[in-house]
Structures are given as structure tokens and as C-alpha cells.
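In what follows, subunit A forms one complex with subunit B and a second complex with subunit C.
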Partner chain A sequence: MPPVPPPSLPILQVAGVSVRIEAKAILTDIHFAVASGQVCALIGENGAGKTTLLRSILGVQSLQSGTIQILGQPATRQLHRLGYVPQKISFDPDLPLRTRDLVDLGIPRPFWRWRPPDPHAVAEAIHAVDGEGFANQRVGRLSGGQQQRAVIAHALARKPKLLLLDEPLANLDFASANHLVQLLGRLAKEQGISIVVTAHDMNPLLPILDQLVYLVGGRAATGSVAEVVRTEVLTKLYGYPVEVLQHHGRLLVLPENPRQGLEIPCYAHDHD
Partner chain B sequence: MTDPLHLLTFWQNEAVRTALWIGAVAALLNAVVGVFTVLRHHGFAGHALGDSSSAGGSLSIFLGIGSLWGFLGMAWIAALVMGWLGLGRAQSRDLSTGVVLGATLGVSALFLYFDVTVTQYSGATVDVMFGSLFAVAPKLLLPIFLTVFLAIALVLIFYRQLLLIAADPQLAQASGVPVRRLELLYLLLLGTAAALSALSIGVILATALLLGPAAAALRLARRPWQCFLYAFLIALGSVWLGIYLAFASYYYNQGTSWPVSFFVVVLLLLAYLTSLYWRPRPVRSS
Partner chain C sequence: MFATFYWNTWLAASLLALAAGSLGFFVILRRNAFAAHALPLAAFPGGALATFLGISPLLGLAGFALLGVLFLRLFSRQGRRDVAIGLLLSSFLALGGLLLSLGREYAARVYGLLFGEAWAIPAQSLQPLAVLCVLLLLLLLWQFRPLLLQSSSPALASAAAIPMDRMDWFFLLLLAIVCAAAVPLVGTLLVFTLLVSPAAAAQRLLARPLAAWLLSMLLAEILVWSALALSYWSNWPLGFFIGTLGAGLFLSSRRW
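The block that comes next holds the complex of A and B.
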């Protein structure tokens, strides 16, 4: 196990971040911190600023104001401690890479080192995502869910402290989504990796969530689920009355005035 | 008859030996760079760079300087312009490639016109468009070797990064790979490969040597390194056999030989068609 940094230093610290793109405010004064082994979700509709916030953490989006630090340093200097799983994953079927080759490419090293410094790193990363079954198959021939796990293994191979996933549940069926949520929870609890994940719907993630960043129009309410998903907090964030309903452990955010509901995410699963 | 296949005269001919060497290194570089080009769907860019180098080739004939530097120089300039215009999204990539292609072909047309009218070198068009492998001066061997050696060394140094960019540029960027700078390096390598290919088998046919072996190899290979090896073997086999067939055709055609480029391109096509019918072994599930 990698040594756990002192609890005083959060893995990820986002302080007063504002982003404008072409004079339009995309993010306004976002604050939150993620400690070691915590799972944090960025929840919001399309256009609420989730992807921009994730790109800011990755260091590819310039900030209007505020700072983002990973283990006390800018992200660009901590890329080796950071794993990223993009939303759109679709490898060319002719790409001559097996899953284990892709995972191996996740371990940066100088060109004269043909093999990774840690000979078990690749196998461990594949084991962590339960990927032994497709380790020798070409990544371009795997199913969408398997490609996603292959990319997670690729990101895990360098033993990151922080794992960022962009809409990982978007294209998965219910069983695969559940499987992925359990996998993320395991990585956080057993390996102490901090996880930041964006999603439209918080419900599938509720069993593992430590923290929520609820984005509406570039503004955020942050805290635990119990702190954020409350009628008075979200009413203030949305700027008009909303009601929070709890049903069999699932949360629904509903407008008081149904005509405004068109603009409010109101997701429910048909299953369970 | 002691030499029915004319192998003895084939080996003794100095122009043939030069052609074999240049063909071999052009095949090596095109095979290696071609794998990345096919994976990244940059075939049009590769074709355009080969065509662009023709402007340099025809200019160098007009100025009377070595055609190698004409081909290489113009391909590098075109590669830099294409990198500057942007190769990011497929749509803008095709646009910037098309713009560069059109501009350089126009320049090429002008210089070929000068070549034919001013310098009275009527073979210029055929040389530039269809290659002049048998006419390459032996003194060009050393600079060509050094260029290819440098290019291959760069591919080996940045092998893992280039492969990751080919797999998914977002993953490469998140791993700290300097994607934009390597993009430019890759374009320069592509330009070098295209220029050497244009010089040997001609501007019009250069794309075949770049894409054919790589496309066939990607169907056969099971490991990353295998596709580079297979692509090289297919490219080398096609070029060498093509040179031999062109040489031998001299004896069956009452003293005129068919162009090398024709044989090379036909062999490349055959190799690719064969690879399509190759049944890959079923992939083991564990």
C-alpha cells in the first residue's frame, strides 16, 4: 500500500475557482476538498459546469481566479499521481493493443526502460478492475463496459492518489453501473485512492458517496449528501422552490411548480 | 544459358544496388510511420505530404540542386504548416490538409512547367510523378541513410508516447505526454517518409508504400511490435521484388523496362488483399 499522506493535507483542494469562457461565467467560486480515500461526486445537468470543473482539476482549463492543488501542488506537476478516465472511450478495432498493453502504457517511464519498474504493476491494475478475463484481448474488440474497465486499469497502473472519471455511468446498463460503483468503492476503501466522478444522477453512487458537489448554472453546494440534498439548500441554489423526496433510499429533487420541472433533473430508476 | 533469371546481372548492376538500398530504407521508414498513420486515420495527410514534396522535387530540378533536399524540404515545410493550421478534429484536419495540398500542387505545376520549358528537361514530370529509383545518384545514399536513422531513432525514443496518442489523445494528455509537440514531430516524420517514398516510387504512388504495408500488418499482428515488423517485411518484400521485376522486364520487352513503381504498387495491393483473407486466430479469452 502507498503511504497515506498526513490528514492535514487534502489530496485535492479546490479553492475559490471561477472560470469564464468567452465572457460567460461557467463556474463561480467553487470550494471543496477531497481527503484520502474519499469519493466525491460532481452532480448537475448538462451545461452545469461538471466537465469544465473536471478539466480544471486536470489542469487543461485555465482559471479566471482561485487555485486547484493536488497534494499541495498544481495538477500539472502531479500528473503522475492522477488517473483520468474520459467519457468517450472507443478504441479502433484495429488498434494492436491488448488490454495488458494499454495498461502498460499507463506507466510513464524513460524510453530505455522496456519493462515497468514494478513487474507486478500491470497484473495488479488488471486484477483491481476484475479484468483478467479480457487481459489478452484487443481493447478495440471489447464491449463498452470492458473498455471502460481497461481504461480504469490503465489509469490505476501508475498507482494514482486521485482518480477522475467523467460520466462513467452514462453508457452503462444497470448491472454494469452497479458493478462499477462497487469497484470504485473498493478502490477508495481498500487502496485509499480519492475518487472524483461526474454524473447526472447521484442515486447509483449514493452507497459510496462521501461528498457531493451539486452544480447548478456554475454555482455549487458542497458537503455530504445529507447536508446538500435538502429542500432549503437546493432552493437557494436553484433560485426557486424545489422539494427533496426520499423514497426507498433514493433521492428525488422535484420543483414545487411542475412547470419549472423541465429544467430540473428529476431522475428515477425503474429497476430495483 | 547460365543466368535464366538474370540474377547475376541484377546483382552486378550499380544502379540496381543503389535502388535496393534506397528502397529498403524508404520501406523501413514508411512501414514504421505508416502504422501510426493508419491508426490515426491520417492517410489523407500522408498523401498530401507526399504530393507536397513534389513541389520541392520539381523546384530542385529547376534550380539544379539535389532532388533529395527539394523533396524533404518541401515536405517538412508542408508538415509544419499543416501542424500550425491544426490537425485536431477530423474535419479541420481534412480542411487544412486540403488547403496545403492544393497550394503545393499549384506550385509544383508551375515548377514542372519551368523544368520542361526553361531547362528543357522533358523527363522532369515523369521523374517527379512516378519516381526515379534507378536514377538516384549513389552519393545520396549516405544522407538518406542518416535521415532514416535519425527518424527511426526518434520513433524508438517516443514509441510509447506515440502509441498512446494513437490509442487515445485524451489518455496521453492525462499521462503528461506533450501531445502537441509530439504531434508536430510525428508530422515531420510523416513528411520525411512521404518524401523518401515520393523520391523512390513517385509522388502519385507514395501513399501506397505508406499505407499498404501498415494496413496489412495491422490485420495480422497480435502484439504492438509485430505490426511494425510485419509492415517492414511487407514493404521491403514489395519494393525489392518490384525492383527485380522491373529489371527483369527489360529482357522480356525487347529492351524497354516497365516502371518499378507499377510493380511495387501491384505487389503492395496483393499483400493487402491477402491480409484481408487471412483468418486471424481466434483470440483466447484468458
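The block that comes next holds the complex of A and C.
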């Protein structure tokens, strides 16, 4: 599926990206672009290629073909414009590091400068994640949701143009997940930060999503939710009939007939 | 205890406490206490060999501690770090045992390597110790922020393009040098206490990184000073007081 042309110069441009790991195709011909202030989700099950795609954008995964550019340059040259929130964050409870110290460490600077060049940068990043309440607490003693926000503030401190989050909603309870989704929407709209987030389930993200990269076995359908989450598009992607159900604004993707869905063969080559 | 005769020991112990307290802060952050236990023991055969050959023990100790780091890095790449450390520990101790058996008449000196000879510190060892201490503090100040981030969360550090391997080398080499310098004073078996106990207590007590780092050095000083005083008055070995006071310090910080 061709990428949606972005309104201005894309912050992130992924073009024709294929990745093989030990002769196994992990990603096949992925195209998408994310404009300034857009929220894009990489949706897929475990092993669909989400993490590999994220690692490719970070520049730590070498590509077999295709290009990834951030503001028109390779990612490795643009690391300072990129904020990354890794999946499993856990800090030791006795770690002598308060939230504001962790945020401060997000601002790279030469060793002789103990204080950040911009004295407000730390406070602004903490404010952006609504973190004043735990700014002086040790990061290791925060709740899962608070730790997540502390790490996002750390990533925001260097004022990135693009924020990458790996499964930020995993391990969060319903309320924390909602709070985080609202926070991400606000960062995109108010600060114009482009956001790429991976998730198993698109539903919590639906209110803020501009774009979706739906991954199945390393292939992707990309576009807006309305363009991608459709019976014909996903049937083609999965290679067997699936049905998209809507219920109170939530979306569910199911094999049309579970028995047939499990026996892939007769539909498997439809998309070729 | 400040009579000129003990001045050397007091000065050497104070310098060493500064080095161990400052580097120990990162030992705890990186959860590398096991390595801090193994590297002094890796240095031990070097000391035994130096005694056997009649060269400066510090050379032998530093050489083998560095060899230990090399061993650790090579074997960590094959798999788990903890297994690599365990193997380092036992194989170097085995080597030390061999060297010990080759030169029986030096057993007393080897006992000194294991438990330290605090009251026999020669004046000429003070200058290198002071240089090492200043150098260590400068290097740690230079890399404080990247090392702090990398030790707290390797994932966040790699996102900030802080080279993981280079940081590990940097840390392990400093650890090897501090271990080698500490062995003549407190012995291979007790370097661990100096590295681990003040730093763990300080991190428990203070939440700010820089403040906890400074407190770690201060607690290390208090630990060695009290141990020196008690050892002087009681005529019991210094190592006994370092070991027990160190454990006591750690426990009381938990109860705080």
C-alpha cells in the first residue's frame, strides 16, 4: 500500500525497508512517513516485526534494503533529535537517582558543565509529563506508570523532534494507560513532536492515532485507521479472511471463521 | 595513633578509602559486587608470583588484576557474566595455590597478601597511591554523567549513543587498578568490604547521585579511620575491624 503523502517535510521517512536476520525475512518492503506532530502506531502481534522496525529507526538494526531518514538524514546522524523510551524499564529501588536527576541525564553536555545550558529544560520536561508530584522521588520507587513518565521526561529533555516508544502500554493498568495516551496526544499536538509507538492492541491509542502501520509477519498495511482496519485490507495482509468488528468505537480483528482461519492454505496466496 | 610511625598507614588508608568509596559507588550501581570480589582475588597470584620472583608486589598485583579484566571481558562475550566471574575466581585462585606451593618459605608474605599488612606500609608506596587516587577521581568526574546513566539503565544509555563496551572496559580497568593498590593494605579478601559497604550504605541514605557519591567516600574514610583506631588500641588485626565494621555499616543503613 503506498504511503500517505505527508503535508510537509516528513520527520521520519521509511522507504522500502526490508530486514533479514539469518536468512529469515523479518520485515518486507515497509513504507511510511510521519509528519511533524503526528502519532503513528506500529501494531502487530509478537514476532510481527515491530521491535525490529523500531530498532531500524533507531539505527541499531542494519537494513537489507531501503532507507530510513529522520529530517532527511540517516538516524545515526540525528540521535540528538530522537527520544527513545525502551520497553522494559526497571530501576533498583535504592538507586540514588531522583526523577529530576534522570531527566537531567537526558541532556547531553560536556563534563565540565554540571548544570544544563538551559536552566528550565529539566522543569519543562517534568511539567510535560505531569511529573511535578514525583520529581524529587527516587525513580526506583515510583509506580510503573510513573516510571514510564519519568523515562519519557528523560527522553523529552533534549527536545526531540521524534519520540519512539516501545510497548509503553504493556504492564500498565487501565487508568495509567489512559493517562499515558492522553499525555502522548498532548505532546504531539502542543509541542509538535512526532510520535511512533508500538503496541499489541490499537484500541487504547485510537483517540490520538493519525497513522497506523499494521504488521503481520513482516509485511505492513499503512495509512489512517479508517484506511487500514478494513476487512479487505487486513484479509489481504493476513492471507486469510478476517473480519473487522466495531463495538462502541473499539475495533476487533478476528478470523472470519475460526476453523478456516486456522487452516491457512486455501487463501494463503491470494495477495501474490 | 598519629605518631609519625603510623602516619604512613593512616595516609595510605585514607587515600585508599577515597579511591574505594568513589569507585564503589559505581560497583553498586552496576550491580557488579561479584566482580569486585573476584578481581582482588585474581590479583592474588600476581602478588604471590612477585614475591616468588622478588619483584615489586604491586607490579604483580596490577598485572594479574588487568589479566583478570581481560579474562572477564573475553568470557563474558561467550555468555553470562556471573559464570565468567566465578570461573575467573576459581581459576586464578588455583593458580595462586600453585605459586604458593612452589615457594613455601614465603607463606607469611602470602598471608599478608590475603589479609593485608596495614602496619607495614612503606613510605615510598604513598606517592603512587596518591597519584592513583587523584587520577581515579579525575577520570570518574570526567565520565560521571555517562557512567551514571549507563550504570543505572543500559537501555537508556544506548539510546543516547553511550558506547556500552567502552564504558564496561573503563569501569573494569579502574576497578582492577584500585584492587591492586588496595591489596597490600587490607588484603585481597577485604578489598571487597571497602568497595561495597560504604557505597551501598550511602546510596541507601541519600537520593541525589552526586551527594551519595560524596557520602560514599566520607563513609569509607570513617570506616577505615575507626578500624585503624580500634586495631591500634586493641592490637587486633585491621582486617577484622574493616570486615565487621563494614558489615555493620551496611546493616545499620538498612535499618535507618
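By definition in this document, the second predicted complex is superposed on the first by the 251 of 272 C-alpha atoms of A that agree within 3 Å, B and C clash if a C-alpha of one lies under 4 Å from a C-alpha of the other, contacts with A are read in each partner's own complex, and residues count from 1 in each chain.
The rule is simple: contacts are C-beta pairs under 8 Å (C-beta built on N, C-alpha and C of every residue); 3 or more make two chains touch, one makes a residue touch a chain.
Only a predicted model underlies this, so the values are computations on that prediction, with no experimental measurement involved.
Q: Based on the superposed arrangement around subunit A, label subunit B with subunit C as either clash or fit.
A: Subunit B and subunit C clash in the superposed model.
Q: Classify the contacts of A:V60 with the two partner chains as first (subunit B alone), second (subunit C alone), both, or neither.
A: Both partners.
Q: Let me test your reading of the model: by the given contact rule, A:K50 touches which partner, first (subunit B), second (subunit C), both or neither?
A: A:K50 sits against neither subunit B nor subunit C.
Q: Check the residue A:R81 against both partner chains and state whether it touches subunit B (first), subunit C (second), both, or neither.
A: neither
Q: Just checking: does A:R149 make contact with subunit B only, subunit C only, both, or neither of them? Give me first, second, both or neither.
A: neither
Q: Just checking: does A:K159 make contact with subunit B only, subunit C only, both, or neither of them? Give me first, second, both or neither.
A: Once the two structures are laid over each other on A, A:K159 reaches no partner at all.
Q: Would you tell me the residues on subunit A in contact with subunit B in one complex that are also in contact with subunit C in the other?
A: 58, 60, 79, 82-84, 86, 89, 91-92, 94-98, 101-102, 105-106, 108-109, 111, 136-138, 151, 154-155
Q: In their shared complex, at which residues does subunit A touch subunit B?
A: 58, 60, 79-80, 82-84, 86, 89, 91-92, 94-98, 101-102, 105-106, 108-109, 111, 132-139, 141, 151, 154-155, 158
Q: Touching residues of subunit C toward subunit A in the complex: what are they?
A: 29, 31, 141-145, 148-149, 152-153, 155-156, 158-161, 200, 202-204, 206-209, 211-213
Q: Once bound in the complex, which stretches of subunit A touch subunit C?
A: Those in contact with subunit C are residues 58, 60, 79, 82-84, 86, 88-89, 91-92, 94-98, 101-102, 105-106, 108-109, 111, 136-138, 151, 154-155.
Q: Quick one: which bits of subunit B touch subunit A in the complex? Just the residue numbers, please.
A: Residues of subunit B touching subunit A: 38-39, 156-160, 163-164, 166-168, 170-171, 173-177, 218-219, 221-224, 226-227, 283-286.
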